[in-house]
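Below: a set of structures, written as structure tokens.
You will see two complexes here that share chain A, one where it goes with chain B and one where it goes with chain C.
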Partner chain A sequence: MLKKEFQEKFTGFPNYLKSWVKTFTGGLTLFVLLSLLILPFLSQNQNFTHVFLRQFTLAMIFAIFAASWDLLTGISGQISFGHAIFFGIAGYICAYLISYQHYPIWVALIIGALGAVLFGLIIGIPCLRLKGPYLALGTLAFSLVLLKLFLMGSLADIFFGSEGISALPKISDDPVVEYLSLLILMIITFITIIQISKSKFGTILKSIRDDETGADASGINTTRFKVYAFMLSALFAGIAGSCYALFATSVNPTGNFGAVISFYAILMASLGGLTTIRGSALGAFFFVFLEYSLIIAGAELYVNLIFALILILVVRFSEHGILKPILERIKDVWDVLLGR
Partner chain B sequence: MIEDIINMIFNGTLNGAVLSLIALGYSLVYGVGGIMNLAHGAYFMLAGYLLLWGLPIFPDFLILSVIFAIVIVTIIGGLTYILLIKPLQDSHVGVVLVTFGLAFAIEQFVLIFYGTDSIAISDYVLFSGTTEVLGYSMANQFIFFIIMSIVIVSLFALFISKSKLGKSIRAVSQDREAAVLMGINANRVLLYTVMISAFLAALGASLYLPGAALSGPSMAWTYLTSSFAVIILGGMGSLVGSVVGGYAVGFITSFTSIFIPNGPSWAHVVPLIVIIIVLVIRPQGLFGKKEIK
Partner chain C sequence: MGIILEVKNLTKKYGGLTAVNDFSFEIKRGEFIGLIGPNGAGKTTVFNLISGFDKPSSGSIRFDGMDITGSKPYKIVNKGLARTFQLVRSFKYLTLLENISVPSQSHRGKEASKGVGIDAYASSILASVGLVDKARIPPVVLPHGDLRKLQIGKALGTNPELLLLDEPFSGLSHEESQNLTDLILKLHDDGLTIFMTGHVLRELMSLVPRVIAMHQGKFIIDGTPQEVANNKIVLEAYLGGGDSFA
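For the complex of A and B:
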């Protein structure tokens, strides 16, 4: 029966695609994706490829990271303020495997992500007892403690101390290849997470978010699904974390485990809207480019402060993010243009 | 050996004194309004840095700096409630996100001006020098602080049980709707509660930090995590729990620091381990209940 369902979906896919493109969001998404695809080929200028294009790559890494956070917090309702843990651990494992054990890049990347999943399990279990703000603080506590362990004291020396590991290879020395690999990873991640969110599994997660007692009463094993949510979210965060290690070619405690990283995930996903996955991509691109512009303008010190203020404003005034309202405005303009 | 034990007892009490003051305010706000103010650690840190900022401004009347720091932080607490918490009180996620954002903003703001280095503000020390007890020397400022901490907590306990505002606070924490029916302006009470909690944090900072030095804006998170552990141990919303939990965590930390190999490293992990153990064995903590006692 499952096979028949799958077959139906498969053969019906071209039609589905056609009708999807015709919808507003579908068409818009396709347009954006196609532009992203063509982008690297627009200019051969060194400055363009090595600097500007890499900002896009960075944005895509964070888009994956933000989407993973959104999966855990927006869809499953488990507020995580320690997402840096998964990001950092994957980065460190990946870095360690490449530098010290000479694993090939992609293998190390995947193992790093799997390491993050393990942490998802480790963290998910104690956090089962925590809800809402407690969970937020608990995960924050976890990430801060891990940061300290790696940064200070004699134990840190086992974990490469405050300098971390450096001189890692990039995904590819050609920024265009790097960009395209991440674009593909990002598209795969987003399609997967969106499909998860629409599936039965996703509905269960949403029911746990909206009314855990009710979900429990309906016979759903909330414990199991909460842990699954943690592990799944950790997987994508780990992929992002490994990619980031390869992008930055080094890992160190503050850069990979810092509370700032968790903050970025929260920031980017909240801008786009807690429950919209696509919003995380919007948030990621917005903030990476905002930071880039601010650094060019010489205001590097103020970057995080401005980000924090934006977060406060967005949550205070538009709790469901700005993606939907913006899309609605664009759609209205579109309709007017088409004379409807 | 004796030296180590005295060290442990003294530092344990010291840690406990700091943590209980911070956790008291934090727990108060939670008990009364169900609000987790993640910016609470930032209040403590900000008070310290405001003292630093006031140094060149009031060189002869340092007490003005102290008053200034405490007043500013209390006002920020009030503003936090009016501008950020109250409008979002229906959404748990919202309050958490917004106070987190505020804590981050405060941290970054201080970072811009002062960077991450440790800075000492020993000009504010009221009792300099040290006292020797059985071979271990204790900073007099810290002895003063411990005494003051106990005084402040006792005064606060008196305030909560006897004064009109204190009783209103307890009423709102027990049953908000009933309190409103009795004519208590719950909104106003919540505002005062947040301001009082900020006041306590700032007061603690002014007495403790001159002896301890400011270790970078990120210390806000360290104190926040530790006070979270204290509150989980003591029980959310219980004031007695915050104090008892504060001293408990303080002692566990100092014990770990001194007697366990690689101590200071493990001491960082103590809050987390406390949280996990408490959640597994007795999730409501020692005195846990939603009411304020």
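For the complex of A and C:
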């Protein structure tokens, strides 16, 4: 049965792709992806490739991170205020394996992500009894505990203390290769999460979000599915975390486990639009480039303040995020241009 | 034709309040039974205890010979006991078809849908409750009567042998009630054992051949609608409690 469905989907895929591109969002997405693909080759200028382009790479890392959060909170309804846990633990595992065990970069990256999945399981299970704001607090508490643990000077032998691990390699010394690697990872992540969301399994996750008691009454083992949601979300957050460690070439407690990182995930996904998944990319790019602009303008101190204000404004005026309204405006302009 | 549900000395206490008090009864396979009592009698509590949404303080519940006392709701559902809720609930942001596809993915649902696939199975259930033309619509826009039918559809998705309906007629117009009555009778004709609560006797009288009456958590009488309607204690409970049973 499954094989037949898969075969049908596979042979139908080229047609599906063609009809997808013809839709507005499909065409727009393709246009954006193609632009991102061409971008690195537009200039050979050192400043462009080593600084400006790397901002895009950073944005893509955070896009993956934000999308992982949207999968857990927007799709599955499990509010996480401690996503930094998965981000940080993956980064540390990746850093440790490379620096101390001389693992190859990609192997360390993947094992880091798998370590995050394990934490998804470890944290998911106790937190499952909690709902709504209590779950949010539970996850936040976990992340703060972990932060403290890694900061403790007395445990520096095991957890590397406040200095962390530095002198890590990048994914590639060529920023263009680094950029393209992240682009591919981002595309794979988004396709996977969107397909999960659209699948029958995704429907179960959404039912738990919409009415957990109703899902129980429908014979669904909601506990098991919530754990799955935690683990899947942790996987992608871990991929982002490992990539970030390699991007920043170092890991340290505040930089990788800080509570503010958890808030970045919430910020970017909410800005883009909860449950949209694609909105996470929009939110991440918006966030990274806004910060970049503020730093260039010398207003670095105000970054978090401005983000908090933006989040408040979005929640107040466009609570479903900015992706849909923006897409609608673009579509209107497009229709006008085409004379409709 | 065996006994499908056996409840013995079921008791539930919330601190000083005894919501259900030493309640016992049996339901045979294929029966259609009503549970009546004035508001606050404990009907929904009994349902919650049977379906696993609440744990009994004492007593036992056996479904199809298996002890399900204190089991988790989803496990009870997967043994063949499904229920609807007094306050209508639905998966708000899913289409009707998706709403049914959720219970269709329970163990029992998957077994039942094996040959045809989940979408076809869910569609056929939507059809059986008369909602298939609204398959792609989310519940938000539906009238109350349709939402009650959707709930029944969701319960049917788990391929139950016993269906617990908690006040299925409350809030319905006369026409919607008639519609729902036809559906419930049809389900019973098709072999489903149905256990239904209500607090207005008239609705149930014409439908069910057997009624169990309760008041203040206690069992009063188990008999035909006629017998129950003429029972002194039942009359006192309803008239004394200010509830009209006419």
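Annotations for the structure displayed:
Heads up, the rule we're going with is that the second predicted complex is superposed on the first by the 337 of 340 C-alpha atoms of A that agree within 3 Å, B and C clash if a C-alpha of one lies under 4 Å from a C-alpha of the other, contacts with A are read in each partner's own complex, and residues count from 1 in each chain.
Simple rule for what comes next: contacts are C-beta pairs under 8 Å (C-beta built on N, C-alpha and C of every residue); 3 or more make two chains touch, one makes a residue touch a chain.
Only a predicted model underlies this, so the values are computations on that prediction, with no experimental measurement involved.
Placing chain B and chain C on a common chain A by superposition gives a fit, with no clash between them. With both structures placed on the common chain, the touch criterion links A:145 to chain B but leaves chain C unconnected. In the overlay built on the shared chain, the residue A:167 is in contact with neither chain B nor chain C.
In the superposition on chain A, A:213 makes contact with chain C only, not with chain B.
Once the two complexes are overlaid on the shared chain, A:132 sits against chain B while remaining clear of chain C.
Once the two complexes are overlaid on the shared chain, A:200 sits against chain C while remaining clear of chain B. Touch criterion met: A:222 reaches chain C, while chain B stays clear of it. When the shared chain is aligned, chain B comes close enough to touch A:305, but chain C does not.
In the superposed model, the vertex angle chain B-chain A-chain C (Cα centres) comes to 70 degrees (nearest 10). When the two structures are aligned on the shared chain, A:297 is found in touch with neither chain B nor chain C. In the superposed model, more residues of chain A are touched by B than by the other of chain B and chain C. Once both structures are fitted on chain A, no C-alpha atom of chain B lies closer than 12 Å to one of chain C. Contacts of chain A with chain B, set against its contacts with chain C after fitting on chain A, share not one residue. Those residues of chain A that touch chain C in the shared complex are 1, 5, 200, 203-204, 206-207, 209-211, 213-222.
Chain B contributes residues 36, 38, 83-84, 87-88, 91-98, 100-102, 104-105, 108-109, 111-112, 218, 221-222, 224-225, 228-229, 232, 236, 262, 264-266, 268-269, 271-272, 275-276, 279-280, 283 to its touches with chain A in the complex.
The part of chain A that touches chain B in the complex is made up of residues 73, 79, 81, 126, 129-130, 132-134, 136-138, 140-142, 144-145, 148-149, 152-156, 259, 263, 266, 270, 274, 301-302, 304-305, 307-309, 311-312, 315-316, 319. Contact residues on chain C toward chain A in their complex (touch as defined above): 51, 53, 72-74, 77-78, 82-83, 85, 89-94, 98-99, 101-103, 105-109, 114, 117-118, 154-155, 157-158.
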